[in-house]
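What follows is chain A paired twice: with chain B in the first complex and chain C in the second.
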Partner chain A sequence: MKHRGIIFLLAGVLAALAIGWFVFPLALYRTEPQPIGFNHAVHTGEQNSMTCDMCHEFAEDGRFKGIPVVAKCAECHSTAIGTTDVEKRLVEEYITPGKEIPWMVYSRQPDNAYFSHATHVTRGKMPCEECHGPHGSSTTLPSFQVNRISGYSRDVWGRDISGIPSEPWQGMKMDRCVNCHADRNKVDGCVACHK
Partner chain B sequence: MKLTRRDVLRFAGGGLIGTLFTPIPWKLLDDTAIWTQNWAWLPKLPRGPISTRFSHCTLCPAGCTLRARCCNGVPVGLTGVPNLATKNGVLCAAGFASHHMPYHPLRLNGPRAYTGKDDGSMLIPVTMDATVEALGRKLRAAASATSGGSVAILDQRPGRALSRAYQEFLSGFQGGQYLVSPSSEDGTLRALRNLSATQCPPLGYDFENARTVLSFGAPLLDGWGVPEQMYRLFSDRSASGRKLIQIESSKSRTARAAASWLPVAPGTEAVLALGLANVIVREGLYSKDAERRIKDFPRYRDLVLRYHPHPVAALAGVDPDVLVDTARAIASSPSIVVSGADPAAGPADQTTEILVAGLNLLVGNVGRKGGIVYRRDVPGTDGPGYAETALHQVPDHSIAALIMDGMESGATFPHSLLKRKLVEDGGTVVLLSPYLSGHSAVADYLVPTASPWETWEEVPAPPGATSASFSLAVPLLPGREYSVDAYTFLKSLSKASGVNLEDHGSGESLLRRRAEMIAASKRGMVYAADGSEGKPASSFANGEAIWQSCADGGTWVDDAADASSKPEFNILGQLTDADLARSARMQQAAGSLTLVPFSTRAALSGATISPVMSKVFQESDLRMNGGTVLLNPKTALLFGLKNEDRASVRTKNGLLIARVLCDPTVKPGLLHAAVGPLPNGTPVADEEQSAGVLSLCTIQDDGSWRFTEATIEKV
Partner chain C sequence: MEQATEKKSRFGMLIDLDRCTGCGACMISCAVENNIAPAEQKATTRTGVTWIRVSAMSNGAEFPATDTVYVPMPCQQCEKDTPCVAVCPQNAVDVDPQTGIVGQVPQRCLGCRYCMTACPYHARYFDWWDPRWPEGMEQTLNPDVAPRMRGVAEKCNFCHGRLHAARTKAAAEGRTDIAPADYVPACVEACPAHAIVFGDLNDAESEVARGAAHPHSFRFLVKLGTESKVYYRSERAWVRDNADAFRLA
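Presenting the complex of A and B:
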């Protein structure tokens, strides 16, 4: 056959591309279930009209409290609201025994990275959506995928395996912080984030 | 179609090319790099509730109050504690990273012994029992009449309850010597007490109420005492009227910040002190009390009248009018005259120390508010204690066995000084330290003690403080199984060497006992770390309550001492004519320079600080790195050197390859050599660099090592 060599070469290239772009991510990440489902839209929608900081609140000293503790949930869910399975599990497994929900955290960073929500939200007046996207209107939690090598969430790298964010809020790598700061003329040294 | 080997290779080649256009190599590279940051043996920050604990820093004698941010009880971040009545806490760079110290790569993880005393000797692990037994034998031998020396303990942080236990231990040996670091800030105070003909209470500098402070090279604004307090006192001189006059051969940080700077020729400080005394005596500015309290006043007066300000000023290289004005300034207001004690350059020579102390006596500074005030010891240690001698002041070859306590805490000295004090065959040296620190090189035995944050440690008053104080460094991390409590080790040693030592339990019980004594004395005030008003110690129910307050970061501060004491002094009693003759300008050979070491407390090459901070020091020039020499540009030109050249600095004691920096504030003919941090705080293995600056210094007859003749050559 005249182009036999080229065909095998291209076949190799195509096979590698297919493995690299489609099979490799499946092998690299393992999916772990969140302990319980959560519907942000129910909370933030018209019926309840809650804002982000009603649950993800700031302490009096300005510190960001992060994921709400179960006591916060219990302020409304001390008894089951509705009859869904999720609601039943929430009350029976966590709220009634006062046990914290072991959420898988999408944004957990290495210990040497310091990030202050207070600085960005309170002082920088950045809306939550600028970094978190339309997360508040989601009806289910995204799948939690763990990098088998580094141990960090896939959301740190970004959902797209290329590392090129398809949406502005995707990815939490250092280049994202640096680019955002550069766009705003915020020049920082290493110790601003690596304390 | 038959598949050939060539087809397979082409397919593989295509696969390889294709892989380069996939995320596989790049993502794997990134992920494996992150993976290496998470290996199981790397220390990890704990997860858990955030809490705050107050404690005190033990890296140097300042003992600054600090606030530790703890995660799951483990300290992860430190800050100073401002607005305290006791110490207005602002941490230095080394203090900010003191919580790194338990993880220091140079930590000793068991007792070690050198197999010999030559350069080829090896450091080998030994058991604690074998160490104690061997040391017990050696201490008994050292105490015997045939050893030619005595047993000594070098306490690098005197004033603690443990220091008292050391003194008690030494009293079991004939001629036992309790030693302190030669570079401590209380050199002038020690000189004054040595001059006293009658019982003299402990002394402190009352900088707070002084109007004029005359410093003979003391780095008052570069790490002295509690550094932040010193800055606060002298930074607002326009408001306070407090005046600092710095006498120093180079324009140091202190000289820059002083109200005036007298750039003297090195080695002429003693003559200058006599010239100042001359003005005070001739103009009758001395205290009326001085004639009565200085027992040898007529002899002293006759001596100083030989040093007229004009020839003295010419010799020292200063303006005679400035000299006269300076003398008038210290005589006309509550003043303090203080000398020396650079952490690396060590004490001033003995003659200068005595004459500076004499100036204080002449103008009536001793026992006066705003001068050098009396203070009391911590309750339970009042009364005559064991004689305290600085290492450089003990007779040569008089130590047969030496126990060195604690890591170098803010000051260092040349190892040649130590070798000179040991008996001819080298004696036995034991180092109690958590780290393989600078002094490890001269020790025969290394005994690992707990690092900061792993054990209760006492933080006594800083050197020169006006009142005794008591505070604690709290243990927030579990102790390592291989480290020993210094007091427990001392008890084992006393048993092995047949010396009686009262058993107070552990090091912690020794401290609790001190808190009990403070409570029983009902003296002083206890100040909490939250900045609230102090409470009288008498209002605490018992020692446990005072202990608890101190364990929460509080500090007990003693009341002011009775100022009615009037000890008498002999200024010239110990000085000989030969000493005075030596105080004249040192002779410098043609073509040579005078090497003057300098450093900043807690930034010494010998001291152990966090490797992170030593790297910051190294890269930032925040502090000069060890192996940097400063020269006047004119001097540099004479020797064919320019900025950033590499040069070999040679003295009769050795050679050092150094980095040259030209600094117009350095007096011509001087070679200021930094004794600063080396990479990662560790000695450099390079043979040429192994001779540190201090090893180039010549130890003078009085034990000081400030000035050494040196030559420099471009390499």
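Presenting the complex of A and C:
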């Protein structure tokens, strides 16, 4: 057959690509369950219409507190609201004993990255969705995938293994900070965002 | 989003050598603030890490004319032809255009130590060991400063973590400019003799800018033309005369 070499080559290339795109991510990331389920939509939806900053608060000196402590949950959930299993577990395992929920943080960055929510959200008036997408209206938590080598969440690289974001809020790498700052003619040195 | 217009600053320091008693409180407060681990047993003055080092200089005269001055030496934050920036093959050092602070990104550093050779002030240090804190002391680490690993160079950055905190505070209050009182490096705060003044050299009214203009103020090694931003001050002429060829005893 005349084209046998070409066919073998293409088949080999396709097989290698398939392994790279589909098998490698399975090997690179380990999926870990969050300690307990959480439904953002119930909190932010019509029934309760809470805003993000009601739980994800700022400290007095402007620092962002991130994921709320269990005492914050207890302000409403000191006793179970409703009869779901998750609610029962929340109260019994965490709120009553006063134990913090060991959440795994999708956006956790390396120690040397400095990011000020106050600068972007309070002064810059950026909506939370611009970086976090529709997370606030999700009904379940996405799976938490840990990079086996770096230990960081897959969401830092972006869900797409290609590194090209399918949605503008996908990925939290340095390029994303740099591109946005460059678009706004912000001229900074390294230590403006590194500590 | 509208363009954030931040005022351009040139942060600088003025150290009054006649006030300095050589107590070393600046070195300790610096280490605590910037997550510098206690020195290893084997560490020497050459291999230990202190972002600000106090050295003694003598006038060499016989008693009773003998006189000693203590010189605290942080990174001098050279503005022009910054020697460490010029030689770094990794682009791990840069002069921040907003603040004039010479920033070091240890994660980019490959540990060649060319910057240490280039620095005329010997203000750069190398991590010969991974940082280790005695058990329990890791609880005292400062979350605003990332610890460095073995094999990289590091130096004073005018307590940049405090600048970050001041910026966050200003932003939370809707301001673009930080309040000068919110950004004071640890050594300035700790000095019991109030020998160190810190502020914006661009602000002609600031204490540091006025002090730097005093005839008894000087900088070390001006002849190199690096336009450093750490000024010193002494009423003693022999101290000032040593500024361009200083030899530490």
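Basically, the second predicted complex is superposed on the first by the 195 of 195 C-alpha atoms of A that agree within 3 Å, B and C clash if a C-alpha of one lies under 4 Å from a C-alpha of the other, contacts with A are read in each partner's own complex, and residues count from 1 in each chain.
Throughout what follows, a contact is a pair of C-beta atoms (placed from the backbone, for glycine too) under 8 Å apart; a residue touches a chain by one contact, two chains touch by 3 or more.
The structure displayed is predicted, hence computed values, not measured ones.
Because the two structures share chain A, they can be overlaid on it, and in that overlay chain B clashes with chain C.
Of the two partner chains placed around the shared chain by superposition, chain C is the only one that A:Arg184 touches, whereas chain B remains out of contact.
Of the two partner chains, both chain B and chain C are touched by A:Lys195. Of the two partner chains, chain B is the only one that A:Tyr152 touches; chain C does not reach it. When the two complexes are overlaid on their common chain A, residue A:Gly62 makes contact with chain C while staying clear of chain B. In the superposed pair of complexes, A:Val70 makes contact with neither chain B nor chain C.
Touch criterion met: A:Ser162 reaches chain B, while chain C stays clear of it.
Looking at the shared chain after the overlay, A:Asp111 reaches both chain B and chain C. In the overlay built on the shared chain, the residue A:Lys125 is in contact with chain C alone; chain B does not reach it. Clashing C-alpha atoms with chain C appear in a single stretch of chain B, chosen from 169-177, 223-231, 439-447 or 583-591: 223-231.
Where the contact sets of chain A with chain B and with chain C meet, they give residues 110-112, 195. Across the interface of their complex, chain C is touched by residues 58, 61-63, 110-112, 114, 116, 118-119, 122-126, 184-192, 194-195 of chain A. On the chain C side of its complex with chain A, the touching residues are 1, 3-4, 92, 94-99, 101, 103-108, 144-147, 157, 160-161, 164-165, 167-176. Chain contact summary for the complex, chain A toward chain B: residues 1, 4-5, 8-17, 19-21, 24-25, 28, 110-112, 147, 149-152, 157, 161-163, 195. Across the complex, chain A is touched by residues 1, 6-8, 10-19, 21-24, 26-28, 30-32, 34-35, 37-38, 44-45, 77 of chain B.
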